[in-house]
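Next come two complexes, and both contain subunit A; in the first it sits with subunit B, in the second with subunit C.
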Partner chain A sequence: MNNNQSNSNQKGKQLRDFGAAFSDKGFRDFIIRFLSTLIILTLIYEAYLWFTEQQRELDWVTYKVSELSHALATALGVANCEFSCFMDGCRIGVEGRMINVIEGCNGLMLALVYASYIVGSGGVNTSSLVQVIVGIIVVQFFNVLRIGMLVVLQDIGGDAYFYFVKYIFNALIYLSILFLWILKPYVDKALNRQQ
Partner chain B sequence: MNKYISTSLLIFITVFSFGQQRMPMQPDPMLNNWFANKPVPIMPMTDTPPPPPDVPLDGGLIALIAAGGAMGYKKYKDKNVE
Partner chain C sequence: MSLKSIFHVFIYLVLHQAASGPMGYLLHINNTRDFFDIPIALAVGTTYKIILAVVFLKIQKIQLIYILPIIGLALITRIVFHGPFPIAIIAGWFYLYTRKE
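Our next item is the complex of A and B:
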């Protein structure tokens, strides 16, 4: 009984803290900047996707990610690795064991969330710009590595492909973004020291 | 006499019941003719393989946004403690 009461008191305190945090100007500004940047970037990206759809073309990011993943899979030793792109995505792999890289696989939405946090946290300045560029490169590097490895695993066969596609690679990319967010104050300090 | 009648009835019923079981297997002659049969369209054999699997990445976007908000909240809290 006492435990339940203390738990509910703790939850109430956390909610009050969160409410108090919103009344603080710094946190409120962060949330507003974070969400508004995310909404603006998403709208621009959606507009670009709509434009490419009207042109009956595949978007450039998905194409480039697929092309690099194909090159990586070939370099990793997948023989007869084929690569063909359509309006809805690209197919990579050996005939009969291909994977489909669609717009949701290109990792750009993750990069946009990452960039929104950086802008929300630090505002628009040189340090944020450098971190956004480096972050997008890191996310896309892991994404190309993920798709290239998936092509290899699909070629090898077995259950490993399922676990890698479902858990391991996704966790790796999400953790890399969290790690970059944790590093942000240190990167800020280092960049400000140089300036 | 009753014995013959009952045996004949039993045989009749048995044969009738077998006949009843066999009936649905055979098409009705009234419907099985050139006029009654409707043409069945010839469908091409579809042996196209299923499309390759997608490898989506944006399944945890909401969680990532929430994590961003939580990190911002933690940063605010740490600043207030200092």
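Our next item is the complex of A and C:
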């Protein structure tokens, strides 16, 4: 009884100390830098999307990701693989089994959150800039691989297999981001040594 | 970082994606791209994802005072910026993990 009471008191105290997380300067600075970077990068991206919409065009990133995914699917042996783009996205694949690649599938928001962590934990410096650029390329590489594989699976596999691979593959993309974050201290060290 | 932690992250991500699948399917059969058109599914799915994130952070021995801000950060990332919820969770966890190391 007493143990239960002391446990619930402790939990209550932890909840009351919610603000304590923000009195931890390191953690607070991380959250502020993370959110600030995300806001700035998202605003730039949204402005770019607005601009392309005014031009009645599809954004360049979605187009390039779709084009490269189509090239990959063709290279992997999908016969009669078609590719067409409209203002709201691209369609890739064999007639009747096409995949719709919309702006939300271009992997850029994922790359922006990746970049926010890099700046959030390391601040704005040359090392962060290099890692953000390399990270965006890596994320896009995995994204093209993912969409290309999905086109192939849609062509040859059953629906269950398609969905299974689709969600496992997303988890693998997220893991690749974690690995880039794990490499961060080593990259920082190597770049600082060079300077 | 231990292999055990990476394995936990992988399991967390797969379980998170397991909820995204049916939700994506519900969007498809309701012929919409907006989750607010299927509010019950949105509420159930979001609750599941939050519980999953809390369990993951608890298993990683993150204190409750940090768990709530990390969940808040992930919700802001998802709702305001349409970014990936689990990556924001992992970002918060990994920051605390590397700092401890």
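Note that in this section the second predicted complex is superposed on the first by the 167 of 195 C-alpha atoms of A that agree within 3 Å, B and C clash if a C-alpha of one lies under 4 Å from a C-alpha of the other, contacts with A are read in each partner's own complex, and residues count from 1 in each chain.
As a working rule, contacts are C-beta pairs under 8 Å (C-beta built on N, C-alpha and C of every residue); 3 or more make two chains touch, one makes a residue touch a chain.
Remember, it's a predicted structure, so these values are computed and weren't measured experimentally.
Of the two partner chains, subunit B and subunit C are each touched by A:G26. When both complexes are overlaid on chain A, the residue A:V113 reaches subunit B and subunit C alike. In the overlay built on the shared chain, the residue A:V78 is in contact with neither subunit B nor subunit C.
Contacts of A:L58 after superposition on the shared chain: neither subunit B nor subunit C is touched. When both complexes are overlaid on chain A, the residue A:L38 reaches subunit B and subunit C alike. In the overlay built on the shared chain, the residue A:L175 is in contact with subunit C alone; subunit B does not reach it. Of the two partner chains placed by superposition, subunit B and subunit C are both touched by A:G104. In the superposed model, A:Y167 lies in contact with subunit C only, and not with subunit B. Common to the subunit B-facing and subunit C-facing surfaces of subunit A are residues 17-18, 21, 26-27, 30-31, 34, 38, 102, 104, 109-110, 113, 116-117, 120-121, 170, 174, 177-178, 181-182.
Contacts from subunit A toward subunit B in the complex involve residues 17-18, 21, 24, 26-27, 30-31, 34, 38, 89, 91, 93, 96-102, 104-107, 109-110, 113, 116-117, 120-121, 143, 146-147, 150, 165, 170, 173-174, 177-178, 181-182. Listed in rising order, the residues of subunit C touching subunit A in the complex are 1, 6, 9-10, 13-14, 16-18, 20-21, 33, 63-66, 68-69, 73, 76-77, 81-84, 86-88, 90-91, 94-96, 98-99. Against subunit A, the residues of subunit B that register as touching in their complex are 49, 51-61, 63-65, 67-69, 71-73, 75-77, 79-80. Subunit A contributes residues 11, 14-15, 17-18, 20-22, 26-27, 30-31, 34-35, 38-39, 42, 102, 104, 109-110, 112-114, 116-117, 120-121, 163, 166-168, 170-171, 174-175, 177-178, 181-182, 185 to its touches with subunit C in the complex.
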